Amino acid sequence: MPDMRFTIPEQNLNLEPFAGRIPDFQKKSEVMITDKGYKCRITNIVPLSSHERVFQLRIVDPLEREVFNFRPGQFLMLEVPGYGEAPISISSSTSNHEFIELCIRKAGHVTSALFEARQGAFVSVRGPFGTAFPMAEMQGKNVLLIAGGLGIAPMRAPLFWINDHRDRYKEVFLLYGAKEPSQMLFTYQFEEWQKVSHVQMRTIVEKPDQSWTGRSGMITALLDEFSFNPKETYAIVCGPPVMFKFVCSHLDRMGIPMNRMFVSLERRMHCGMGKCCRCMVGSTFTCLDGPVFDYWSVMNLKEAI
Amino acid sequence: MNVDFNIDIRHLTRVEGHGNIHIAVREGRLTEAKWAVIETPRFFEAMIKGISAERAPFLTSRICGICSISHTLASIRALERAMEITPPETARIIRLLAMHGETLSSHALHLFFLAAPDFLNAPSALPIMQSHPEIVQAGLMLKELGNALSIATCGRCTHPVSLVLGGLSKAPSKQRLLELKTKIAECRPALEKTTAFFRTLTLPDFVRETEFISLHDGKSYPYIGGDLVSTDGVVRDENDYLEMTNEYLTDFSTSKFTKLSRQSSAAGSLARFNNNYDLLLPGAKAAAAAFGLEPVCHNPFMNNVAQLVECHQIIEEADTLINWLLDDELRDIRVSYKPKAGSATGAVEAPRGILYHHMETDDEGKVIKADCIIPTTQNNANIHYDLHALAEQALAEGKSEQETEKLCVMLVRSYDPCISCSVH
Amino acid sequence: MIYKVISKTEFRAFIDAIVKENRAYGPQKVDTGSNGKPIYQFMPVKSAAEIDFDYTVTHSSAKHFFLPYRDELSHFNFTDGNWEQEVNYEAPPTILIGLRPCDINAINILDDVMLHGAYPSPYYLARRKNNFIIGMDHLPLPDCFCHSMNRHTVNHGFNLFCSDIGESYYLSINSSKAYSFLKEFELQEPTYEDNCRLIERRKDIKHSFETKIEVSGLPCFLDIEFDSPIWQKWGDKCLSCGTCAMVCPTCYCYSVEERFDIDLEGSTRQNHLYSCNLVDFAQVTGGHNFRPKNGDRLKYRYYHHYRGFAANDNQQICVGCNRCGRACLADINPKDVINDLRLERESCLTCVLPSPSKT
Amino acid sequence: MNHLGFKMDKVKVGSFDFTCCEGCQLQLANKESTLPDFLNLLDIRNFREISSERHNDYDIALVEGSITRSDEIDRLKAIRAQATVLIAFGSCACFGGVNNLKNRIPQDEAIREVYDGKTIDTMPSMKISDIVQVDLSIPGCPVSKEEVERIVIGVVTRSQVSLPKYPVCVDCKQKLNTCLFDLGEICLGPISRAGCDAVCPTGKTPCLGCRGPADDINFASFKQLVKDKQLSIADMREKLSFYNGFAEYLDT
């Protein structure tokens, strides 16, 4: 017979040792959310290129769908059950509560499995995580959006935001560069962005083919086509690290303050919550302190680029 | 009856290693019956030269994937005798338990996965999993118990890690031993089920007078060390193993042949049974009686039954050994030693029969010469001559080519040959 | 906090009573090293007799009782065209005996990371609240430097703390549960002499530290020395074997893996303690490795420990137990690395730059 | 399993052995508790050790053992021609294994020693990748069934298939083992690839590196460690050459 005087009962809250720094046990739901994701149905799959598709996800539970909110620039941990998680930036409009859109390139085993999944299948998302583009701070200013390759994916959320609040911003420019014409994504939306959102848009490719009639060269060449006051301009630059490095230094020379240029960093992430430390850049977490950083901070981060 | 046919089996299946059977019949008469081992030789006796005695058992373990614990212990016994090391009693008991695990799991593997499909006319155990799930389940339980005994005592069931010169590098915890005891109790019904199942099978009726060789120490059923004895009355000291084996080469086999008083001799479960029947525990004796198995039995197919009898023996003994260990401190498991020059033989009863390792060391403790004689090597000649007799008997009984072929492969499998082992 | 004094025999009786009824772990000698010194670990115990109360320090820390080396985060059960996710983070009550002040401080640091950040970890919390911690003070080993990190004393985070004052233990009782257990045993109110003995004991411990590391200003140093050749020098020694992180009481970096069940009827998401010293820690999908060199990875561990990361208020997370230094086969220890770094910086300042006052 | 709307097919497997002890194939029958589920993932087309059925329409070939005779080369090439994925299975297949120890001795001398100079068809031991292209390696002497399960599941589900890149020390420390260097022995744990669950150091015997080197090892530092601890370099070399996994480091 166990001596009950000395037995610790199961699940006994043993609070004293925390000495005044007791975590908030009552808000259990908040603790829980971080590890159990929102179950989503893949409602639509839009092929963009041989390796890129847009996945439209709908959170299954109506209450959860209502609660789910994000800001432009934030990312999700997308779980494909059995295969694991991958961090993916959200590519849809913040005002769209019906669907989440993720633009995904087939790269690792998680995304490969997702590409096999059928429309109607269920996946799960955790989040949103991370910092966002400071859309409020940019109000009343010009906005320069520069995207390279798959960098157009995180750029869609701020584009949608600007469309929803177009009167709050002055001139909006979108420069989009790709390696080859076939790698140019979302071409079907170009007209909408220009006509409806009143965005001045230019595209460029590095390696043109016969079909390409537009400009070719480096993306910075497009900057000459517009005139704007750099002191009154904010920039968002998304693309591979090499690209944003030279674009940002170009913008710096043009006179845009470094703390008004924003970039989105990518690292391997395992938790999204600032615990696993896989995404550390210097002493900062890409998942908590990023992925959106102003260029001044990135310059000061060790190993950022 | 004028029939001509050849039975030509290349790479016999459901045995460990590569062996071929050739039977030739011309005008109804047997003209050739051959058992040829075509395994690639590995030259263990050459590669071991210059290896430290401490490491040598880890190398000889790799002679065989099924009976690695026996090989390790044979080398350890040879080297300990050569360098005059006496391991502590606790280590001796734990080593014995390790060996029991190996024998149990090897017998279970043979009985259920390699031999049973023949009796049930299946190509492998996989369809039997569907047709006789409870029997396969019982077999898996016994095999798992064997593996669990080995894993608890020496870290791993294939290529043990903690069997070392001078004793053991690590003793099992009492907790692990208690778990094993529970497992043994759970396995007893499975063993009964297995025995009942095998009683429903009919073994071919075939007898050829054979000399059976095994260890014998007069005190308990043999496993590690003892006198070398034969059913023809030969008794030799462990170190005089060469007088028991008399190895010779044939031109059709990469494995050597052996002989003693007759043309050929046999080792294995049946040999142990025939030489040590009196030392069996009552439970094992009862199991043998259920099959009508009595010493000296000359039907090689009965080796299957002898293995099953040994499973009974092992499970009883393992339980006793664990009780002994539970009463022990389990601290005194290893003695230190100084390398020295010497030579000696270590003989153990591997699952498939008597196994000899002979080792010679220099004063730095390096192995300078080694000789390993494997049970299957000692059975090759017997298999070869059995095949001849069996084929003749089948022809005399008017059996078809297919029936003869099936009998032949069943005969070879009954010996549970470990061919890669025999070509080491 | 309530203070009592208990005789050592009575204390053993108390430990005996509670370990018999609960899942308990205490320091145990597991081996003797080839240098003749005993090697201790926190092992499961069933009676007070199995515990080495006068142990020095365990080889591995008590971290894995809170952050297991492998931990199941969730399980998916698959059905036809659908799945369900199950999350379970319940932990059984566990008693930990004999933790040193630095060990308890380490757990307090882990509390900051795991419970006070943006996303409190329910897995950690479940274990933390179900662990009953009995701390014990000790005289430092020659290579302990917890005094330098100011982690040689502890005033919260435990249920009960025992200071050795000769024939008795001076108890700091920090939980009602501990108090109700102890009520069944003979306790004395601390006398004036007991209080003096406690103060003496503390002084004694404080003055026994032989290893000192100057850590003030280290965060700044580390930022400045980010590209220092020092890292390459120590990196060349580093085996990148992860031993330091495994034995460390505060290293918590992990890796998340998802595995299918063998019957393919479900899958399990696990986290797995990792180390920033391991070769693929900063490798991303596609193969690029942000820290391919041993030195870069070693630097990260020091960066994390002595500079601190933003997520835990930039505090230094090293507690000075020197387990990493003792376990390191390549003979890398914080004292030598930090001294090297400091030397480099100071010699550099004096030789290369003229003092500002002279310009 | 079609929880994502696509079905997994069983993989058609053949298992083949060359010069070895067949202990790795035997591991496939171990871990009895999950054995039926494991076999359920596979469509075994060819596996001489356990089945009399033999078909040559496998996609995945598990190849065990090293190559020591000319006829084995032809057999191996035929397997390569059939298999979509060829897996080198066990240390002998991956590195040559203990078989390579015979390469230290002139061939005639070895034949004289073992076969009294009778004509024996043999040649120096080679690993599988010396002859044909290897798609995946599962090292180990023997292989760990757990890892085999994980990799087979990876192949069936097309999820991640990889070996740990870090050394054995990680797993060894997680088992709270006493470091063998602390007990005065040379252990190859700090430079050998993890994935074996540190089974040898857990049994208190030194790691002999059957899984070969981990990614990007610091061999110079390891050698220095052996010297600093005043342990025998000869002993270190014997351990390094045991499974031939460290062949490229032996001369450094």
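Going by the order they are written in, the chains are A, B, C and D; count residues from 1 in each one.
Note that contacts are C-beta pairs under 8 Å (C-beta built on N, C-alpha and C of every residue); 3 or more make two chains touch, one makes a residue touch a chain.
Because the structure is a prediction, the values reported are computed rather than measured.
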Joint neighbours of chain D and chain C, given as chain labels: A
For chain B paired with chain C, centre-to-centre distance based on mean C-alpha positions, whole Å: 51
Rounded Å distance between chain A and chain B, as computed from the means of their C-alpha atoms: 64
Chain centre separation in whole Å, for chain C relative to chain A (CA means): 36
Computed distance of Cα centres, chain D from chain B, in Å: 25
Interface hub residues of chain A, defined as touching at least two other chains: 81-84, 108, 120-122
Interface hub residues of chain B, defined as touching at least two other chains: none
Junction residues of chain C, two or more chains touched: 76, 78, 81-83, 258, 260
Contact graph of the chains (line, ring, star, complete, other): other
Chain C contact footprint on chain D (complex, rising order): 1-3, 5, 8, 34, 37-38, 40-41, 149-150, 153, 156-157, 159, 165-167, 169-170, 173-174, 176, 178-179, 181-184, 189-191, 214-218, 220-222, 224-225, 228
Chain C residues touching chain D - in the complex, by the definition given at the top: 30-31, 33-35, 39, 41, 43, 59-60, 64, 69-70, 76, 78-83, 236-243, 246-247, 258-260, 262-265, 273, 275, 278-280, 292, 294, 327, 329-331
Residues on chain D engaged by chain A in the complex (per definition of touch): 1, 3-6, 157-160
Chain C residues touching chain A - in the complex, by the definition given at the top: 17-18, 20-22, 73-74, 76, 78, 81-83, 85, 87, 90, 92-93, 95, 111, 113-123, 125, 129-133, 155-159, 174-177, 181, 184, 223, 226, 252-258, 260, 267, 269, 271, 274, 276, 281-286, 290-291, 296, 300, 303-304, 307-311, 314
Chain A to chain D touching residues, read off their complex: 80-84, 108-109, 112-113, 116-123
